[in-house]
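Letters are used for the chains, namely A, B and C, taken in the order the chains are written, and counting of residues starts over at 1 for each.
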Amino acid sequence: MSVTSPAIRLADVAKRYGRREILAGISLEVAPGSRLGLIGPAASGKSVILKLVAGLEQADRGRVDVLGTELVGKREVELGRVRRRIGMLFQNYALFDFLTVERNVAFPLEQRGGMSAGDIATRVAERLRAVGLAGSEHKLTGELSGGMKKRVGIARATVADAELVLYDEPTAGLDPVTTQKIYDLLAADQARTKATVIAVSSDVVALASFVDEIAFLYQGKLIYRGPAATIADAPDPMVRQFVRGELEGPLEDVRTEAS
Amino acid sequence: MIGERLIVAVGAGASRIAQEVGGILILTGQVLRALVPPRIDRRELVKNLYKMGNRSVPIVALTAFFAGALMILQAGPFVKKFGATSLAGYASGYAVLREIGPILIALMFSGRVGANNTAELATMTVTEQLDGLRALAIDPVAFLVVPRVIAMMVMLVVLTALGDLVALLGAAVVARTMLEVDFSTMYYSIVDNLRPFDFLLGVYKSVAFGAAIAMSSCYFGVAVRGGAVGVGKAVNAAVVASAVSIMLLDFLLTYLVGG
Amino acid sequence: MIARIGGGVLGAGRAARELWIVYVSTLAGVLRRGGARGELVRQLHAIGNKSLLFIVVTLGFIGMVMAYEACNQLGRITGDYSQVGGQFIRLIVSDFGPTLTAMMLATRVGAGIAAEIGSMKVTEQIDALRMSGVLPIDYLIVPRFLASMIMTLVLSVIGGLVMFGAGGLTAEHSFGVNPNVFYDFGQVRPRHLILMCIKGLAYGAAIPVVAGFCGLRARGSSEGVGWATTAAVIGGSFAVIVLDFVISAAALFLTGGDL
């Protein structure tokens, strides 16, 4: 349907952990330069989809094509080459606790190679200023609050101007004002780099202000995908119930959050 | 300059060791107090006996077998050179029963059960379960620590006794297959030359080792600080402390008990 | 019951295969990097300095005990102590020095490596490394691999000398053995030194691979780190014992029992 090939294509992807099937046949295409939001109840597989796209996990079935490369069956070294074009924010930040804030943000650039130390330092300083952490360069992660750690994570994910950026819960646990500031920042970044973005979030309202489309995941299947602006009035009753936070409706009681 | 830093380092290290030894002694006092009169949770005791015994039998058996085999490999050629094959059993058996058996079994036990125990208690502490117990007016020392201490001491004695026999068996097997000393020669060599006291010395040692392993394992478990990283450090500290105590106690007991 | 044993064997087989893959990947990584100089020095310092006191203390005690037992044992049979020192150092060089040192290091160093890598794994820092195109084995295990091999050998020599020295003191103090008679290096032949080097390097190679492997497999949160540390200590110790047996047996076979 699109003229240019999609940045991401998942074709009938399935993934199970032990005896639990987390994804039961997901097919998804994301056009380059677009922003997609993923919502759904806990343990519906949202984070798993991000990990599959990043090549951190291998699908049990189906195809995963990211930025023109098929990921299934590839070895770590080949996956590493694709990952250099991807930036990722982890749900629990995953900052390196043996490095300072500055070294954390500089890490992807250093590993990539091709930039002088001076250029890297400039870039890192600019990123830290953008997330509001100028002056915290030499702190260790143990000295940071949760919100600060999240912002360092965002700086690290966006420092290399990646073609594809994955955000896993960018605003979880943050107050509403900071949440809006974060999304403004992500929007400004994406407008500048024209990267493809996938964001997972449980704060649907704030997410809807940032992404173009929202997809709803339920029990391992993609139930609905539509424009973010009208998500609260989506044609699917399950989506409406979830977004509006209503207790009555077609959604069953789901399992508790997997670790 | 270096001298000054060395002194500071030694001083800091010594004070830390003193702190830890003090902490272990305090915990020991608490355990002893909880034993008079005995307020032991029977279910916890049985559960721990079963868990610790069950878990360690395979690794202790394997280790003991190899330990015996190793001893005969060391003693065998030497004895053969002097044509004293009838002493092969005695030479290896002496080392096994009095030293190698108790020490190696204790080290393996410390690794398998002690480290696990520290990890469990540390996780409980980090997740505030101990505070939860105190809020229910249950003394964590009496409820959690004492059954584990008793279970570990009892189990180590049993495992050492059985392990000694497996080690002798291992020595006999290797003697037969690699040194062409038959079973009957080994058997008489052991029975004629080794005294019950040699076996008992090993058992006495295992009582002391068990106490050392149990107390240091429990102490570092409940004294843990920090999250997942703290648990790792606690286990590390526990196994190191156990190893040093085992060596120290072995020296004291061998020297003082003599024979 | 059979199913459980069968399952256990299969699981062990799979784990062994993965461990082998880690070992081969480590070797490949070492060949690829050639050992960055600064990093190697830092790791040598980390492993060596911190363990020196520990090794000296523990091996000192063991040395005293073993000398005591050896004299005691001889006393019961021949009463001739002229050979004790010579045989003692022979055994220290060809076996006890490297093996006991390595068992202590498996505890101290192995637990440390597993705890570090394990806590990185459960906080998703390993995934974050992969996102920057870094191979965890290259970044985390390889630097420690060479350092561990060198340090284990060096500490074996130091530990062995401490054992010998302390043993002599005990022999003199408890059995009146003349130090001039005891400290006799005449029995040590080149083949013993070769054995010492082979064992020291083999143990030094095994410990970080086993520990890194356990760390990378950590799952969950604190319990996962605790489990990884436990497994590293046992796995490392057991690997040392098995390697000792294999190398000693091979040496015995190759030299026709003349050791």
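As a working rule, a contact is a pair of C-beta atoms (placed from the backbone, for glycine too) under 8 Å apart; a residue touches a chain by one contact, two chains touch by 3 or more.
Please read all numbers here as calculations on a predicted model, not as lab measurements.
When every chain is reduced to the mean of its CA atoms, the largest separation from chain A belongs to B.
Chain pair with the larger contact count among B-C and A-C is B-C, by C-beta pairs in contact.
A separation of 48 Å divides the Cα centre of chain A from that of chain B.
Spacing of chain B relative to chain C, judged by their CA centroids, is 18 angstrom. Separating the centre of chain A from that of chain C, both taken as means of CA atoms, is a distance of 43 Å. Across the assembly, chain B contributes residues 229 that each touch 2 or more other chains. Looking at chain A, residues 97 sit in touch with two or more other chains.
Shared contact sites, meaning residues of chain C that touch two or more other chains, fall at 123, 221. Across the complex, chain C meets chain B through its residues 53-54, 57-58, 61-62, 64-66, 68-69, 72-73, 76-77, 87, 91, 95, 103-104, 107-108, 111-112, 114-116, 118-119, 122-123, 170, 174, 221-230, 233-234, 237-238, 241-242, 244-245, 248-249, 252-253, 257-259.
Taken together, the chain C residues at the contact with chain A in this complex read 120, 123-125, 127-135, 220-221. The touching residues of chain B, counted against chain C in their complex, run 13, 59, 62-63, 66-67, 69-70, 73-74, 77-78, 80, 87, 91, 94-95, 98-99, 104, 107-108, 110-112, 115-116, 118-120, 122-123, 126-127, 178-179, 193, 227-233, 235-236, 239-240, 243-244, 247-248, 250-251, 254-255, 258-259.
Contact residues of chain A toward chain C in the complex are 51, 54, 56, 76-77, 79-81, 83-84, 86-88, 90-92, 94-97, 107-108, 111-112, 259.
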